[in-house]
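For reference, the structure I am asking about is given below.
Every chain is named by a letter (A, B, C and D) in the order it is written, and numbering of its residues begins at 1.
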Amino acid sequence: MQTFLQQLVNGVVLGATYGLVALGYTMVYGIVQLINFAHGEIYMLGGFGALFTYTVLLPGGTPVVLALVLMLLGGMVVSITAALLMERFAYRPLRGAPRLAPLITALGVSIFLQELVRNFYPAKSPRPFPQLVDPSHQFSLGASVEISAPRLLTVVVAVIGMVALSTFVRRSRTGRAMQATAQDPDTARLMGIDTDRIIVTAFVLGAALAAVSGLASGLQFGTVDPRMGFLTGVKAFTAAVLGGIGNISGAVLGGFTLGIVEVMATQYAPDPFSGGAWKDAWAFVVLILVLVFRPSGLLGERVAARA
Amino acid sequence: MQAPRLVRVAAPLIIGALVLSACGSKSESGSGSGNITLTLGVIAPLSGDLSAVGNGIKNGVELAIKQANENKTIKGVTLKLDAEDDTAKAEVGAQVAAKLVADSSVIGVVGPLNSSVAKSTAPVLSQANIASISPSNSNVDLTNRGVLATGGTQTRPYKSYFRVCATDDIQGPFAADYAVKDLGKKTIAIVHDKKAYGQGLAEAFAKQAKADGATVLPTETINPGDKDFSAIVTKLKAAKPDFLFYGGEYPEASLLTKQMKAGGLNIPLMGGDGVDAAEYIKIAGASANGDLATALGAPTDSLASAKQFLTDYKAAAYADPADPYGAASYDAANAIIKALAKAVGDGKKSGQAVRDEVTKEVQDSDFEGVTGKISFDQFGDTNTKILTVYSVKDGKFVAAKSGTFGG
Amino acid sequence: MSVLEATSVTKRFGGLTAVKDVSLVVNEGEVVGLIGPNGAGKTTFFNCLTGMETPTAGSVLYKGSQLPGRPDLITKAGVARTFQNIRLFNNMTALENVMVGRHTRTKAGVLAAVGRGPRYHREERESEEKARELLTFVGLGRVGDELAKSLPYGDQRRLEIARALATEPGLLLLDEPTAGMNPNETAAARDLVRAVQGKGIAVVLIEHDMRFVFGLCDRVAVLVQGEKLLEGSPAEVQSDERVIAAYLGKPTEDTAGES
Amino acid sequence: MTAAGSSYRRAVGSQARVVALAGAVLLVVGSVLPWARFSGFPGKMTLAGPGGARIGPLLLALVAALLLRQVPGSARAVRAASTFAFLITGLTVFFIGYSGGGADYVNAGAWVALAGALVYLLGGLGLDPSRPASSPPRSLPDAPWALPAEWLLTAGSTAVALYVFVHGLGIQSANVGRPNDVVIRGAISINALTNDGEFLAFLLLLIGLALVATRLGLLADLSAITKKHPTVFLAAGMIAATAFPFTQNGNGYALRIAASIGVFAAAAVGLNIVVGLAGLLDLGYIAFFGVGAYVAALVSGSVTSTIHTHIPFVFVIFLGAAVAGLFGILLGAPTLRLRGDYLAIVTLGFGEIFRITANNLDGNSGPSLTNGPNGVSNIPDLTIGSFSFGDNHHFLGVDLPFQANYYWLEIVVLVVVMTAFLRLSESRIGRAWVAIREDELAAAATGINTTRLKLLAFALGATLAGAAGTVDAHVVKVATPDSFTFLESALLLAAVILGGMGTVPGALVGATILYLIPEKLRFLQDLRLLVFGVVLVLIMRFRPEGLIPSSRRKREFHDDSGGADALSMPPGHGEHMA
């Protein structure tokens, strides 16, 4: 039982990262129906931006909390800049192009960004990330179930990010315009909504959340590397689809589900199909099963015909 | 009116194409100073994730070539390097191997880095009887060593394939003996990354550890590229092991040891030469203290020649570090250079004859390299089976024990 | 003998009953009009007949036997349809569109298509001839090689009918065949429906253009709020006060432009 | 294009033609004068008369002659020609200077040419870039010589294509001699960089000429003519493809690359059925290829196989295809009712499940079948009857390394796959697929069993991939899980989309380009993936409909840029059918 609870906690921590990155996928998809495969790289850039801020820009002895805030800002600046450039120069010219064209563009951007960082950020191996939040500091959740400080932080920022985003989308003017654009871009345009601006907003919000996640990941694992975005990106995309792509709560739910499935498969899947080597296979099996029975994902609505 | 227009427009282009084809062929522009140029090939990942390691191999070979040319080791021959990028993929490996075979000036190859790539390069190179020496392939299949475990008769699958590193079935057991016999560990957890190298090593370790009387827990696996190993740590913790052997490379190993210790499982992690890297300690930080890694050969700083190599390497100011296989590649290149010198001395200077002769001479190699003595058995494996265990003390790998498995 | 016999067809979406207990009989060679205000459930009724929706209750018989539940099987059985908002295969040529309609009446599988024996060639040739005939029949003989999307609106409607006819139906369901047409085109559409009738194919059409309906149909059924209000000859329906009250209420000519 | 561009054109005005012509003349003069002051630069750069990289600017300068007579599209053609002439000249001058060791080594001719190219470019940019009204393809007049001339053009165009391919492939392996020759090279001044410079110049020339031909409508004319004589075209193509090994002088490397391109292209054509015709986005296609490869590896008689059987390859190719097809059905049956992107992620998931499973079925973390990460290695050379594919041959005075055997086998597989695709796409089944892609609901209402046909496309694509995989296993000699990652699937998809969806030449060109770009970018070393990423983005930016779109799709995209693509959710795409 104790192991089960501890694994549940592990799953939630893992899922928090997936969920946070999945939000970026889901928002962009919801509005432009684009699978932005390069979003994982935005997450990676967030981590590197934060690392750069710490190692290059911050003077030694900056108070931890201040350093964290500035690192987050640094990460966000990098992520958002990259997302804006990507939107402007890679995706926007392709609006109205055959739908699969942007998919290949996304792939190209993804490869480009990975290689850019790998080649031009000094030293070509995983980069040590400052351990500003002590990983050996454990919080007990009762019955010897524990969570370390950076892991707890990951979950907390993820939850804050998700709540903030869904509040923004539901309450703010821009958020409602986003919903309208997602529902029906043509009508939204007729109603005077600047859809270009809405699309940019979606990219920016997604990048900001990815940067949060990138920083959290750096703090949690103590390293960032140029490839970290790719795997996380695929998982996050999976999470977004699992939850029902285009649906904000769905992305979060999908992320947690995926994280928990992976962890539980490691521990409890029947031998010999258990363990880390099989966990991703289980994750995808669950995805396929969910989609077979709920073709639009866990929270996805039946997609209306769009004439 | 239509057709003439078409013809008129097409005519210059067609004439142009004809001119192009007439001028397309190139002529050799050799001035013929009497010195012949032969090529030493390298097959290694020069782009992608493993490029730093691959460039280390390339640089090691380049250094050897530079010294040979400066010292005029081979009379009348200028050596040049042709480093080909295999992108760590078997498919591409076979291709660049064919490229090197097609270049008649190529007389030997150093590489590749990965065993899986070697499985597709070795057949191609062997067919042309080009000697290839890998600094790092540890998979038993390549020299068919796997049959030894089951009592079969070893036969050589690739006639011109050699390697200067220890195979998994030597490194793993050596580590196991150290863990069980020297450190007295009783309950050992095994984790590997489910790659050919990691799994081969971990399996060989587990087998020997059992034979030595330790309790070996069911093997756990992780995925290369993963970062969150908390599920594995939680799972292992329940079984209360006192030692962990990890088959794989440092990026995951460093995260695993850190998360293990943060998760309250305070036991040493041991790995193979894939873990023996300065980066491991950089990432794992204080968690790395007490962790262990095995590596081929005697400790580098105990050999004068090795020190000289490192100095030379540093002087050449390469962008990528010599670690982990630069020194072994340097030795491999020198084995080929020495063989070529003999072949040229025998008057073999070109074509298939020189390739045949070099392969034959590599087989008979016998010299002191910077990683130890270089000589090969009849299957292409190195005769040198000296290994060293290093342990992390104060942020550094320190040699703990040198020896050879079973000896 | 009746071609279509729909009995008590009911379709509910959640709490909303779109079609309630509607029965309709269509006899061989008949043209039946289905009229009613927007939202009366006419298209939903069509969808129930063609397998796009599964009726909540009721039965549909085609030439005496139960229709299967899938659109493609229904088409194969002999009920073809067109759509209110034209649904052509836009990036195929007009000819190809009609040839797709031959799908259920041809057999060539993957092996035949790759192997291309004499039988395949014969079938393909027949398909093409038949398709060209149909194009000529609907008056599109000269545009066979143009992309469907590049045809003018009226031609697209005809092309859709040609495609439906290619399936060799016994019953053709037309969902607003004159929507968006000018008077000339409407007249041509009337001739076309008559010609279809002349081939011995029964037609049911949903239409808002009353002049078109009353001038063409043998019988007219009126749907209001999902229920059949009335069925009878054009004259009967035209003069029925309930119809005028529930639906018409204004001169018939003006509704022609609705889509 | 931009405001700056149009104001520049206004400023240059009617002088543009004169300026361009003057520049072109200068460029022609420059290109026949010596360019380099040292020997060793490839292509006889020091001699009088054009050679190597100088031929490019010369040819492109000749295009300016179009300005003397008004031909539709000539202004745009000259713009393109002048742009690429300038690029090539600039690049070559840079490389001469770089490899010679300074600007001193650049001879007068190069400077004259560079100046000419610049003037030519300035004139070219001043020309009116507006697109001429498109006209139907031109054809030869009715004359007795027209038919043979058309045949000649058809066959000639394939020959030119082969020549271009061979020449392009040959540039970088310039230092590859004949296997048994003595290679003597005193000065090793032919370094990699100059070869790469030459290749880049060649590539730019190709692009430039292709653009010129497109803008003059010549490509459209040519394709109309070749379409009239499919048999001649096919025969010429076959002869060219078969002849290729004879042009390589025993160079196994080029053949190996060509064989790999063949495997890749065969898989791409198969994927084109699924994506291009039926409109199903498949992100895990490589898995079916992998199934075929593993089946072939396991029954190849390799000592590392867990199944110690040897089945003759003629059966294996069908076995591999059948098993892969079966997997296609197993995956497709429950999932094909999913909407586009949901299907994409399911196929992605399946691809990963396959890779993970192959990686685990080694008796340690699963049943013993695939040897896990070690893969099945030591796959022996193919033998059919008494013919071993591992033997070198000597035929008609030409050395044919063993790679030629695999190359020809691959050509056979490719031809089979292409034939299947072409015949299917022009059949009842193919029309039904396109109908489903266009409007699934309408397709169902037209009597098409959409579920069955989608499954058919999916399974057939899988089958063809499986067949290609069986060959690949013998070419690569090892089947490991690493070869079947998501990235491989993505690259195959990229080949299909890059080349142009739904067409065979598109898939061929896409596969060739995706294979050759990384191969030809070797000199960039660690930067080559970076550049590869940029190239992907750029191609999609300028040719979003693919390099060789089907004539339908091209019209579709250029007619109205706001129009929805066939795959971008046609009306009712999301409606589920009962």
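Here is the rule we use: contacts are C-beta pairs under 8 Å (C-beta built on N, C-alpha and C of every residue); 3 or more make two chains touch, one makes a residue touch a chain.
Quick caveat: nothing in here was measured; it's all calculated off a predicted structure.
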Note to self: When I count C-beta pairs in contact, which pair ends up with more: A-D or A-B?
What the structure shows: A-D
Next item on the list: Quick one: report the Å distance separating subunit A from subunit B, using the average Cα coordinate of each chain.
Entry: 36
Margin query: Nearest whole angstrom, what separates the Cα centre of subunit A from the Cα centre of subunit C?
Written below: 49
Item checked: Centre-to-centre distance between subunit C and subunit B (centres being mean Cα positions), rounded to whole Å -> 71
Item checked: subunit A: positions in contact with at least two other chains -> 275, 277-278, 280, 307
Next item on the list: Spell out, as numbers or ranges, the residues of subunit B touching 2 or more other chains.
Entry: 51, 194, 219, 221
Notebook entry, point to check: Where does subunit C touch two or more other chains at once, residue-wise?
Noted result: 85
Check: Taking all chains into account, which pairs touch?
Finding: A-B, A-D, B-D, C-D
Checklist line | subunit B contact footprint on subunit D (complex, rising order) | finding: 39-40, 42-44, 50-52, 55, 59, 62-63, 65-66, 69, 71, 138-141, 160, 163, 167, 173-190, 209, 212-213, 216, 218, 221, 250-257, 260, 303-304, 359-360, 362, 364-365, 372-375, 377-378, 390, 401-403, 475-478, 480, 482-483, 518-519, 522, 525-529
Check: Across the complex, what residues on subunit A touch subunit D?
Finding: 29, 33, 35, 90, 93-94, 96-105, 107-116, 119, 234, 237-238, 241, 245, 272-273, 275, 277-278, 280-281, 284-285, 287-288, 291-292, 295-297, 302-307
Next item on the list: Please name which positions on subunit D make contact with subunit A in the complex.
Entry: 275, 281, 334-335, 337-339, 341-342, 344-346, 348-350, 352-353, 356-357, 359-360, 364-367, 486, 490, 493-494, 497-498, 501, 526-527, 529-530, 532-537, 540-541, 544-546, 553, 557, 561-563, 565-569, 571-576
Notebook entry, point to check: Residues of subunit B touching subunit A in their complex?
Noted result: 49, 51-52, 194, 219-223, 225-232, 234-235, 238, 251, 254-255, 258-259, 261-264, 279, 282-283, 285, 320
Notebook entry, point to check: Along subunit A, where are the residues that touch subunit B in the complex?
Noted result: 3, 6-7, 10-11, 13-14, 17, 118, 124-126, 128, 131, 135-136, 138, 146, 148, 151, 217, 220-223, 225, 227-228, 230-231, 262-263, 266-267, 275-280
